[in-house]
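Comments concern the structure below.
Per-chain numbering from 1; labels A, B and C assigned in written order.
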Amino acid sequence: MNIKLNVPDISARPTDKCVTKLKAERVNLYYGSFQCLRNITLDIPSCSITAIIGPSGCGKSSLLRLFNRMNDLIHGVRVEGNVELDGTPIYDPKIDVAELRKRVGMVFQKPNPFPMSVFENVAYGPKRHGIKSRGELEEIVEKSLRHAALWDEVKDKLSQSGLSISGGQQQRLCIARVLAVEPEVILMDEPCSALDPVATLKIEDLMRSLAEDYTIIIVTHNMQQAARVSDTAAFMMMEPDRAGVLVEYGPTAQLFTNPKDKRTEDYITGRFG
Amino acid sequence: MLQQDIAQAAAKVTNKGLRRRLRLGERVIEGWIFLAGMLAIVVLLGIIFILLKEGLPIFANTPPWEFFFGTHWYPVSDPPTFGIAAFFVSTLWVTLISTAVAVPLGVACAAYLSEVAPSKVSETIKPIIEILAGIPSVMMGFIGLALLSPFVQSLFHLNTGLCGLTAAIMLSMMSLPIIVSVSEDAMHAVPKEFKEASYALGATKWETIWHVCIPSALSGITAAIMLGVGRAIGETMTVLMVAGGALAVPASPTDPMTTMTSAIASGIGNAVRGGLQYQALFAVGLILFILTLAVNIIAERVLERQKRKFAR
Amino acid sequence: MTRTVLNSRKITQRTAFTFLGLATVITVTPVLFIIIYTITKGAGAITWDFLIQFPSQAGREGGILPAIIGTFYLMIGTLVFALPIGVLAGIYLTEYARDNWLTRLINLAIVNLAGVPSIVFGLFGLSVFVLTFHFGLSLLAASLTLAAQALAMVITTSREAILAVPREFREGSLAIGVTKWQTVRHIVLPQAMPGIITGAVLAISRAAGETAPILVVGAAFLLPKLPQSPLDQFMALPYYLYTVATQVPNMPEGTIWGIALVLLIVVLSFDVLAAAIRIKTRQRK
């Protein structure tokens, strides 16, 4: 099934799994005078799921928000080093942040559907990006909802408020909202932490199916979840001055079964604080 | 390998799309937003500038000393005399009396609403007090004129009920809503733990209000008083209609009088632009502006302090 | 011994509460009295003719149509100038302004603007709009003056309404590549709209009752026809009430109360409208 819509230039989409989609090189991130991330270097492969794990406050969300420049919204934030999307430095002043975020979408910890109908929630992005025809919008909404494994559950309530459906459905609606603008990367910050186990499994299945077409980065506190869904995993920790560093980064199977670093091992076996 | 090269090259092509867009429409709107944001400053500075420009020249004719302390206001005699002592004293009388009436009433009412009354009662009473804030000042002036002044006249055996006292009573009603609402907010902001600690020591409800709530809310109440004072100083129509309009320095609150605001309101219609009376009235406006500004800044400072006190 | 102390404390409390209650009664009674008295005295004067006729005999006979229309125009004029600017300024302060000296200066200006006496706004309007801009004693000059006065209030209420929109909505929109302005336009403003409208309604209710500024910038007591353009002179309810109450001899008392009642209804109905919008949106949440 071809699930993509209006792909303007199919050849422009990297298809090989080995391509580096996102790259961070020696990144330092500061909130005012507080250093939150220190010397982070990692390559995120395309069309796969990368999990970021680590103790609370080590800077996982900050690292995630580095890739779509959501950190820019915080007053006093400063980024050093280089971050690239498909080889283009995204902290270059010539970069259009809105265009970047269109290609690097984000799903948040707490489902945050807009206070409008299910349909309008999904159609919102495409509308803002210039699609006006009703038919085209309907097509996009249906495909996105199907793609987010939500269509069958909400096809009869498209005009109901997005806030009236269940929490798990709301989160999938938020994923559909991101899919509707056809991103290449989807960032997910603890997308299941507000959901029950059944809803969580649904989202995990959804992520696996999306991984064929999208590059996904997920922050999670749940070791099992990271082990279940991700192809690659990154383990972060805080240094004594509370700056977050990348301790270990590699294929998930290896990181969980045969960690190279003692600290990783301690953390995943639960011997950590 | 080759496939990867192709993919990388293709990615470079799409990345042209990351280049910054002009989005001219949005830039223009954001420009307007910025200008609108600045407008409050522009208007305030504009007011200061106008008052200085139109008002200061009077001091070339009347030295400041004579202007402030002169007791005669004869704008049309030859040569004209501009002394605003009578206006100033009138404003002082009216403000003092209205504050003296409104503050105890307002604070007591606030204490009743926030600490004593059952919530049903206070939820009914608060909107009624809000209505009072919405009654136009010209309406209050008319009420004072038609209903209160005959009463004051017969009570004090005066020649006329149109006097400073009548105006002050009407003004106290008009500053009550703000005094009540700000004091009530202040008392609400007193942390529950303070009150509970007082009850735990065996204090009665009243003792808690008197020894804990009111002292803790004191800065908020001070701010409420200042805002009430500001309101009384600046109020025009009520005073114009019921204070009597006499130009002499009032010896007692039961004398007819003209405050600074009513002097401007009653004189500006006859003033020629740039003429001496015009300048003198703008100078009165300048003094009014400075007075209310000072009162406001004090209120703002005190409120800030109150907020910080209980901020956690 | 302890018993009497306890009793005397009880008595003190009871006395004190009686005084607090009394203060509340003294505060509330005049409001109710004013409203009820105005209705009983003024209702008789209000007939259909009273509302749709021009005044005659210096207001002693006829109706008050031009004053009502003039006040209506003033409300519209104030709204047209104050609302867009106030909302844009509210957007600036919540969405764009950084926490720096300029923003602090703007906030300081707003707070102080709110405390400037209305008569001083009148002087400002007279010098700037009437004389310098040559708008003359006109609807336009009066509307601009009242708008300048309403500005602080509209900005404050818009700012509060916009601030109350949860951050998550903005983030959800920005995170799919929607620009800041579009997010404000399509997410934030619709959410803040009830609050903004409440503020606007209160502002025009204030403008409808305001007398001192329009007295300075030239409301007319009597005019033979309705204003035809924004540059025409105008009559207004509050100024009309002021004049007939203080300067027209042998004015029938019932007519004055009738005018007062009409003014009260105009002003308070907008206040009630604002309160209704506030309650309605609170329920919906």
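Convention: a contact is a pair of C-beta atoms (placed from the backbone, for glycine too) under 8 Å apart; a residue touches a chain by one contact, two chains touch by 3 or more.
The structure displayed is predicted, hence computed values, not measured ones.
Engineer: What graph shape do the protein chains here make by touch: line, ring, star, complete or other?
Structural biologist: Drawn as a graph, the chains make a fully connected set, so complete.
Engineer: A-B or B-C: which has the larger count of contacting C-beta pairs?
Structural biologist: So, comparing the two chain pairs, more contacts are at B-C.
Engineer: Which integer distance in Å separates the CA centroid of subunit A from that of subunit C?
Structural biologist: 49
Engineer: Between subunit A and subunit B, tell me the centre distance in angstrom, where each centre is the average of that chain's C-alpha atoms.
Structural biologist: Result: the chain centres lie 52 Å from each other.
Engineer: Using mean CA coordinates as chain centres, what's the subunit B-subunit C distance in Å?
Structural biologist: Subunit B and subunit C have C-alpha centres separated by 15 Å.
Engineer: Taking each residue of subunit A in turn, which ones touch at least two of the other chains?
Structural biologist: 98-100, 103
Engineer: Which residue numbers or ranges of subunit C touch two or more of the other chains?
Structural biologist: Within subunit C, residues 179, 182 contact more than one other chain.
Engineer: Given the complex with subunit A, which residues does subunit B contribute to the contact?
Structural biologist: Within the complex, subunit B contacts subunit A at residues 3-4, 6-8, 10-15, 17-21.
Engineer: Would you tell me which residues of subunit C are touching subunit A in their complex?
Structural biologist: Counting only subunit C, the residues touching subunit A are 98-99, 166, 168-169, 171-179, 182, 186-187, 191.
Engineer: What residues of subunit C sit close enough to touch subunit B in their complex?
Structural biologist: So the residues of subunit C touching subunit B come out as 9-10, 12-13, 16-17, 19-21, 23-24, 26-28, 30-32, 34-35, 37-38, 84-86, 88-89, 91-93, 96-97, 105-106, 109-124, 126-128, 131, 148, 151-152, 155, 179-182, 205, 208-212, 215-216, 238-239, 241-242, 245-246, 253, 256, 260, 263-264, 267-268, 271, 275.
Engineer: Can you list the subunit A residues touching subunit C in their complex?
Structural biologist: Residues of subunit A touching subunit C: 68, 70, 73, 75, 98-103, 105-108, 110, 112-115, 124-125, 128-129, 174, 177-178, 180-181, 183.
Engineer: Which stretch or stretches of subunit A touch subunit B in the complex?
Structural biologist: Touch list, subunit A to subunit B: 9, 11-16, 18-19, 85-88, 90, 93-96, 98-100, 103.
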